[in-house]
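Each chain gets a letter, A, B, C and D, in the order it is written, and its residues are counted from 1.
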């Protein structure tokens, strides 16, 4: 249940306020050199406390590799790694022990298991995405060797009312999105998004947003025709991210109002290569990559933890109110960008291996 | 790869123009009476040739059960079933043998496997959804016994420019949606949709659309917190349907522009029961059902097969054009409605069993 | 639950007296030509009624392929096939409806599922090995192309008190074992075994036995170091055969009384190749093939169905006796030989694909 | 590949001389109190350096739980744990870097992955059984609550030429087997075994042996009829233990020489309960438990590491010899006893959950 993938599998573990979080990556190809600086970089991009738009929680997020490497090279054995939880203010959460926070997993978890780790959301905390970033970095390193041309780039394409121009998606992918704290490639828009987040923080409120991801350099022929389709596997992975509410690829929900004559991607030979004249399909047809760039978008809801007072109920069944204290992001979207990239790398490497490449 | 589910697994097989399509449903509870009339009804709802808006292909779609039943009652053994392909005009497809149809799986499949069953799309045909409807009917029959209050209702919520009012989603779910050929609960809108489809047929074009699904009566506590989340499993299943381009649940992509104070579902005790005062979450929080109705939406692209001439390439790498002949739906959405319901029943029963209920 | 394998998966279905039995083979490589005569031959070897030592039940056992093939070549889509049950004497079993046969699955099944298909053992019948033989034949055909040197040979190495000389195992593997009805490569011994079976039939009794299997031509490097070891996968597959009671590879149980200096396989370079000077290991070390022949043995219990009167109980909890009527093998071992070969081919192809070869 | 189980899954990781070994146990029921003293005891029983018959390697083997527990109670989240490798003499192994030890995994691993962690056997070391003991202890603790009557007892039934009387298997199971260092319930025989091991140590040799396991208190109805049979799952798990060469249950290989009239377990009502008058079946029929004690036996080969000089080859393809230095067990069997118990608990809990109990 806590495992993603078929051939390359990532099993994660850990709660927000337990001793450590981590993962086991199994089925990883042997002979891949693990560049630990790169892994650390991927981790830092997800880490809170990076800028004024994110929470002040200071996590060192140092990764310790426990197995599967010999002098920094993968051996084919499972790669296990842990990240200690070293900035825990469990007492911040004491008052949450006996109530359910609105739009959090609290109530649903307790109905599922009868017992709940209330400290910082426990297993349902966004902290569980940290091991995903480690594993995603390893997958990206594997592709550096196996498929050097592959490029996976995600960016913030919407925050609240501010949305990028999707017609420019392909241009955006080339831009160094870390140049601004919201990770939006349109610098002007980025400034507005940042300001909006600061306002929301003052109003003790939060906002949703979207992340768009572009994959270039994936050859045609990766994926499966039924159930384990490339897009279905991406959708499952993305909806596994905390706060994700939707997934679409290619023209997505827009396709619903299109005509076939408008949506279809005509084909032409160009320099002896099969080429699509457009990419409404988003690089996938019938569950399998068609050689065009993969393009998809993920929607995130506003952070449920807000400083405003909200109605809720206690575990013993009494009405009450709750208002969040402490450190909270008004918007998770910028931090979701590296998580989307990491999951994309994992899904693609799994499907790559499954396609016998 | 052709299997859906963890505990309740459906493995499907079959191509559009092979001898038969079918499936094996394993992990199905013992002691469930299989009402074959109900199964037949579910099949008929998906079947083409039902009305003026769908293709004229006349398939009998008679299901033969091969195993797992004793006097019509499930025994715990895998339930296998087949549906013969009896209205095959393979020669219709002869000219497609050596070219790739735009926005079809043809090219991607051939890159994946090096060999392709070109007759009617082969394994990538929408015909592969027929076994899903059989299995979904069985899952629904299991719930009749295991959880009698469960109700799964899908309907057409958009076709081209015509879209239902999502504020009325909960009301729509009660309406007998089969009363019109497009399966839209807003009768006035349905008439426009139908007309629109007829126009498109004349123009040799096609249209996309959306299906919305509402599940009532699912108790809180069904699902998983990480990776195998209820919404992630639904997303994977729905994006496995032919032509699906997007999935969202609750307020979905709308959430991206919302504030937390607006999106959060406040909680209150009502008659001794925990109740949410709104359902922006769509009945799922942290991967687990919260007792509110599940609500999600699936986007479909326009049918890629159109009668207009389109640019494409041959297998031997020459430019050419193609224009579809024969029988084709200008819009698959009405026929996707029972498929969405079937997959929902399968995913829910799998997660129900996995949650130890 | 009814699925074997990780990458190459075989899902079987069907009961002894239902409409049909069959299977779905998924993950099978594309581009393999399916020689249906070879498949038929593999089926015939397992089929009852072949000789005087086996049951008289006349099954045609004709295989119908339903999917996954185009002009007899695999397409990468799942290959489904069925075998109709056409010689059913269900009424033979009517008196077994309400009692549990000793050392059959009857009682255990009913405790598991609460309902039982009593006709001919239902899902627990040895008839379920027929689809295994079809799938094994397909796996063998794949190896013909992928690894032409591979040879899988099983033979009867024990029936009751008559046992072959295991020191000659490697010589036996070359002999055409179908030249006698018990499938024992030692012709003299075979005659005694045959006579013994005839005696037992007269005495309304049955006997156990062993099958030995030798695999040549498998290169080193196939398998996995932990849990999914090559020997563990073989053991699981073999103990899935009806009536199997034990599995050993290499020197097996004999190893328990050996010393390391005696059991270890010393290594030497020979013609530039790494060679083992002995093969006590049976071709597998640490879960992975080492390039030497794979050698293992499977023990089978005597057929539980005997004509002698035995004490047993009814479903309603009363003491009674039962004596089998009708057609029954006094010894299943000769018919298990092709099943062992089929499962070996399936396990090896799965591990071959998983090892990225 | 490094995962055992279907619903309750154990994924292990770690090499002999890496930073740590450990595991992730997923699907474990919520609400189970984890008695850490009991876990520590199970670990100590496997640990080397316990007595004069085992290696002198002093491992503290302290388990650190990283997740899945709240105040010592399982929450339904995955339980991860690690054991640091703190007594590593990697330099002991330097000379093994460039040669393959006979009957070790060295050569096969390198053929599989192209790279090998030579230090102490790497991932193929018997040290990988330590996490199994932790997970097995947790499974046993779950059964204490879910099925209090369940008893799992393994013991050494053979070492070299010394073998217990299998007719007494059921009596043996009650004896405190840890009262002697070889863990054999027949005290007289135990003394001989111990002496034999001391002799072998002097002769720089090693010996094989067998472990027998008895499970009492498992109700009828646990298991599956095809492929995932209870015995097949046990066989797979047991052949996953380092040095295991064979598995048999009930009368096992003995069954091959028995007659049906001798092997069959007649049934009788006793005090209103269905009872078998014998247990040749070993408590399992048709893949499902029948309510009688489960009884099986596992064969282990002699430790391949011996002090005598053996022929072998180097990585660069030259003939050489090797003689082990350092600390090595002449017999692993006594230390395999708790591993067999641990795996039995894991397999049974997995099948218990899969059987919907």
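Just so we're on the same page, a residue touches a chain if its C-beta (ideal position, glycine included) is under 8 Å from a C-beta of that chain, and two chains touch if they have at least 3 such contacts.
In this text, all values refer to a predicted model and were calculated from it rather than measured experimentally.
Trainee: Out of curiosity, which chains are bumping into both subunit A and subunit D?
Mentor: In this structure, the chains that contact subunit D and also subunit A are B, C.
Trainee: Any idea whether B-D or C-D has more C-beta pairs in contact?
Mentor: C-D
Trainee: Please work out the Cα centroid separation of subunit C and subunit D, and write it as a whole number of Å.
Mentor: Result: the chain centres lie 26 Å from each other.
Trainee: How many Å are there between the centre of subunit B and the centre of subunit C, using C-alpha atoms for each centre?
Mentor: Subunit B and subunit C have C-alpha centres separated by 40 Å.
Trainee: Averaging only over C-alpha atoms, locate the centres of subunit B and subunit D and give their separation in whole Å.
Mentor: One centre to the other, that is 46 Å.
Trainee: Two or more other chains in contact with one residue: find those residues in subunit B.
Mentor: Within subunit B, residues 1-3, 12, 77, 112-113, 123, 225, 354 contact more than one other chain.
Trainee: Name, in rising order, each residue of subunit B that touches subunit D in their complex.
Mentor: Interface residues on subunit B, with respect to subunit D: 7, 29, 77, 225, 353-354, 356.
Trainee: Give every residue of subunit D touching subunit A within the complex, in rising order.
Mentor: That would be residues 1-3, 9, 11-15, 18-22, 24, 26-27, 30-31, 64-70, 73-80, 82, 112-117, 122-123 of subunit D.
Trainee: Looking at the complex, which residues from subunit C come into contact with subunit D?
Mentor: Touch list, subunit C to subunit D: 1-4, 6, 12, 100, 102-105, 107-109, 111-112, 123-124, 128, 158-161, 163, 200, 205-210, 219-229, 231-233, 235-240, 242, 244-253, 255-269, 272, 274, 276-277, 280-282, 284-291, 299-306, 308, 310-313, 317-319, 330, 354-355.
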